[in-house]
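Multiple structures follow.
Here come two complexes built around subunit A, the first alongside subunit B, the second alongside subunit C.
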Partner chain A sequence: MKFSDRIQKVDRRIIYVILLIAVVLPLVFRLGFKTYTTTPVENLYRHIDAIAGKDDMAILMDFTHDPGVLPELYPMDLAILRHCFERNIKVFTISFLPQGAAIIQMALSEVKEDYPNIEANVDYCNFGFKPWSTKLPIMLGMGDDIAEAVETNSEGLKLENLPIMQNMKNYDNIQVVVEISGSSMGQFWVIYARAKFGVDVAVGLTAVMAADVYPYLQSGQFVGSLGGLKGAAEYEQLVDIFAMNGLEFSKKKARDMEWVEAQYEELPELAQLYKYNKARIGMDAQAIVHVLIIFFIILGNIGYFLDRRAQKKSM
Partner chain B sequence: MTETIGIWIAAFLTLCMFSFLYKDNPFYKFAEHLFVGVSMGYYIPYTYYNAFIPYAYNPLFLKKEYILIIPFIIGFLYWFRFSSKFSWVSRYPIAFGMGMVGMGVPMSMHATVLVQMRSMMLPLDNINIILIFVGTISILLYFFFSKAHEGVYGKFTSVGIWFMMVGFGASFGYTVMARISLLIGRIQFLLGDWLGLIK
Partner chain C sequence: MKRQIPLMIVLILGLLFVAHVFIPSKISTDYLEWFMKWTKVIGPFAIVLGVFSLVYVHYNKIKRKAPNWGYSIVTLTALVVTTAVGFIWGIQEGTPYMWIFKNFNVPLGATMFSLLAFYIASAAYKAFRARSVEATVLLVAAIIVMLGRVSIGQAITHWIPDITEWILNVPNLAAKRGIALGVGLGMTATSLKIMLGIERSYLGGKD
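What follows is the complex of A and B.
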């Protein structure tokens, strides 16, 4: 078999093994590649951070995703919750999928174990699972009265009696709705909540969906977005270098890699936990695999052109 | 102890799924069928206790909110799908659902058409806006088939193809990233939670 044929007919199982090695090695021996933050992620961070310490403002996180997309979205869930708990930002959580309710519980309990002073129904409130068919009445109803539209939290307690709700009425008290999903659910929030009530909407999406949101970012209908594992890694970094060090966000500083590196050296132990670095460690493997895939594409094309040249010569 | 057992089961099932990469086999089939069964088994009782009980049974039978009988009956009509003779009855709740979709049309027009068009109509004072303008116009004209794509017009519409190719490339790149992220997630689980090699 000729060289050009051989490189075009490599057994797929060999490619799988090479890919596996390319993923495993960077995870075990950390490479520590730099993370460069981008505008959509910075905008979301700044938007959420703007209500730090305010009792009458909160963010609403919609966890309408299932375990199939956890590797990409769960680091986002943890990073945003950690940002909120670190900076004393009130959080509401909701899911219109049954599986999402379990993910909310998992994420809240995982972050809460590092923030023992954070109290349920005081600093955050989990609305829990609400059936898909109630999505529209809830989205529209929250524009008038959140407590009336959602009615109860995940434990079945009436919202109107909870301490966190004392200064919260409707979307005027919601800084941003952050839709974290592997679907176009974010557009529902834009169509029903933003178009009618003007509430700001942002999204955390699987990478497959990420390219679709750019028109909405350009028009300002999404105030920010996190695209896949890369977006999660960027948000993790912003939480580390600003929130964990008690600093206000600055775009100039976030882009100054020397300053960023210096901040990493002064991080508390909490920020160094594996669970809060998962996306950045994953991005090391991602970078190696991307280089490998580019190499395979180039190799395949070399084989194709060699083959074509040989065919032309033989004609 | 319970957590450890759970991790071992999850690791075994992950390896069963990965075994398909070599070739189809009984371990893969077992894990695949188990996944479907567990998903449905989880979904049905969860929906029953979190949707049917609080939104239908409790208000209707405990709080005596009899107005709910109307949506209850409309929803019940869906069950006629299982009868070949009376399946036409199930079209009524579907029609009701379509009416609900209609409610969203004006807001959808506003958010997905009008606001997006407005963001196109900006002064061409920076390179990004110019690129968006040229890209949108050339792609729209490419899909205008009442005029032959020839001459200067044809060349301009071929610019639209280039813009679309860049878009497809970006989507493909993101798709590769998404798929590799899923693999990374599973490997992180196997190496970290199961084998304890990464902490």
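What follows is the complex of A and C.
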């Protein structure tokens, strides 16, 4: 076999093994690549942070995603919840998928164990699973009365009787709806909740969906977005350097890598837990895999051009 | 009459919804509230239909010993067991339902999605060739975006993330917006065709 053929026809099992090593090694031995934050992530962080300590404002997190996308989206779930619990921001959670309801339970219990003072139905309220078919009535109904539209929380308690609901009426009390999903669910919130009631919407998406949101970001229909593991890693970093240190967000500081590095050295133990660094560790593996895929693409193309040159010569 | 009554229902309800959006009033708001209550009641009945359909299809596969009928046993067992533990012990953290979710659903789902990385790498290596000018542009854009989305791109030069942002914010955005406008116009046209009775395929059967 010619050299050009050989580099174009590497057995896919060899590619798989090399890829496996490239994924596993950075997960075991942390490379510690830097995380650079981007505008859509910073905007979402700032938007949520703006209601820190307010009793009559909350964010609504929609967990309409299934376990298949957890590696990318779960770090976002944890990072946003940690931000809210750290900065005393009220949170509502909901899912229109049954699996999403279980993910809410997982995420809430995982973050709550580090915040013993946070109380269910006082600091946050889990609306739980609501059938897909009730999505439209709930999205529209919350514009008038959240307690009436959602009716009960995940434990079956009437919302109107819960302490957290005493200062909450409708979308006027929702700072932002954060849709975390591997689908176009965020657009439903734009069509039904934003267009009619003006509530702000943001999304957390898998990387393959991230390119779809740019028209919505430019038009302001999404106030921010977290694109894939990279978006989650950026949010983790913002929570670490600002929320964990009790600091207000500053774009200038977030982009000053020397200042960021200095903040990392003073982080509390809580921020160093594996669960709150998952996305950044994952990004090390992703960076290596991206380079590897580029290498394979270039290798294939070198073979292709060598082949073409040989063909031209023989003609 | 079998056709005219459904067509009339579609036309009247369609016009009422259009009126609700364009003519805000107490009557239209009350109509929407009334409709929403009905939707909440009707929706859950779909679950009964879905479960019946799932059991019917898989039961028949097992009965006929159709190819891969063993997987149907797994599906039905999972359906019965998960539903039973959910009803008996609830679905809160610490229940058997959550144990099943964490130890079966999560690893199985994540495994399926993770396989994508291997297929993408193999497919990109085999198929991504600079065969034409268009393919070369796509190839170069893909490489820049792949580098720009990880920290290595920034480490090489800050131009890579900047160009990545430009690619996503300008050519990508223009293409996505064009597609979205096309889809929006298509949906409006199809809705009008359904409301006016021109598009009747949803009724099923022959005209």
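In this text, the second predicted complex is superposed on the first by the 315 of 315 C-alpha atoms of A that agree within 3 Å, B and C clash if a C-alpha of one lies under 4 Å from a C-alpha of the other, contacts with A are read in each partner's own complex, and residues count from 1 in each chain.
Going forward, a contact is a pair of C-beta atoms (placed from the backbone, for glycine too) under 8 Å apart; a residue touches a chain by one contact, two chains touch by 3 or more.
Only a predicted model underlies this, so the values are computations on that prediction, with no experimental measurement involved.
By the document's definition of touching, of the two partners only subunit B reaches A:Val190; subunit C does not.
When the two structures are aligned on the shared chain, A:Thr35 is found in touch with subunit C, with no touch to subunit B. When the two complexes are overlaid on their common chain A, residue A:Gln218 makes contact with subunit B and with subunit C alike.
In the superposed model, A:Tyr274 makes contact with subunit B only, not with subunit C. By the touch criterion defined above, A:Met106 reaches subunit C but does not reach subunit B. Within the superposed three-chain model, A:Pro137 lies in touch with subunit C and out of touch with subunit B [touch as defined at top].
When the two complexes are overlaid on their common chain A, residue A:Ala287 makes contact with subunit C while staying clear of subunit B.
Of the two partner chains placed by superposition, only subunit C is touched by A:Tyr304; subunit B is not.
Of the two partner chains placed by the overlay, subunit B and subunit C both lie in contact with A:Leu19. Common to the subunit B and subunit C contact sets on subunit A are residues 16, 19-20, 23, 69-71, 99, 101, 131, 133-134, 136, 207, 211, 215, 218, 228, 230, 286, 289-290, 293. Considering their complex, residues 13, 16, 19-20, 23-24, 27-28, 69-72, 98-99, 101, 128-129, 131, 133-134, 136, 152, 187, 190-192, 194-196, 206-208, 210-211, 215-216, 218-221, 227-230, 274, 278, 281-282, 285-286, 289-290, 293 of subunit A touch subunit B.
Residues of subunit C that touch subunit A in their complex: 32, 36-37, 39-40, 42-44, 46-47, 91-93, 97-98, 101-102, 105-110, 112-114, 117-118, 120-122, 124-126, 128-131, 139, 142-143, 146-147, 149-152, 154-155, 161, 165, 168-169, 172-173, 176-177, 180.
Of all residues in subunit A, only 10, 12, 15-16, 19-20, 23, 33-36, 38, 66-71, 99, 101-102, 105-106, 108-109, 131-134, 136-137, 140-141, 154-155, 207, 211-212, 214-215, 218, 228, 230, 283, 286-287, 289-294, 296-297, 299-301, 304-305 touch subunit C in the complex they form. Of all the residues in subunit B, the ones that touch subunit A in their complex are 21-22, 42-43, 46-47, 50-51, 54-55, 100, 103-104, 107-108, 110-112, 115-116, 118-119, 132, 167, 170-171, 174-178, 180-188, 191-192, 197-199.
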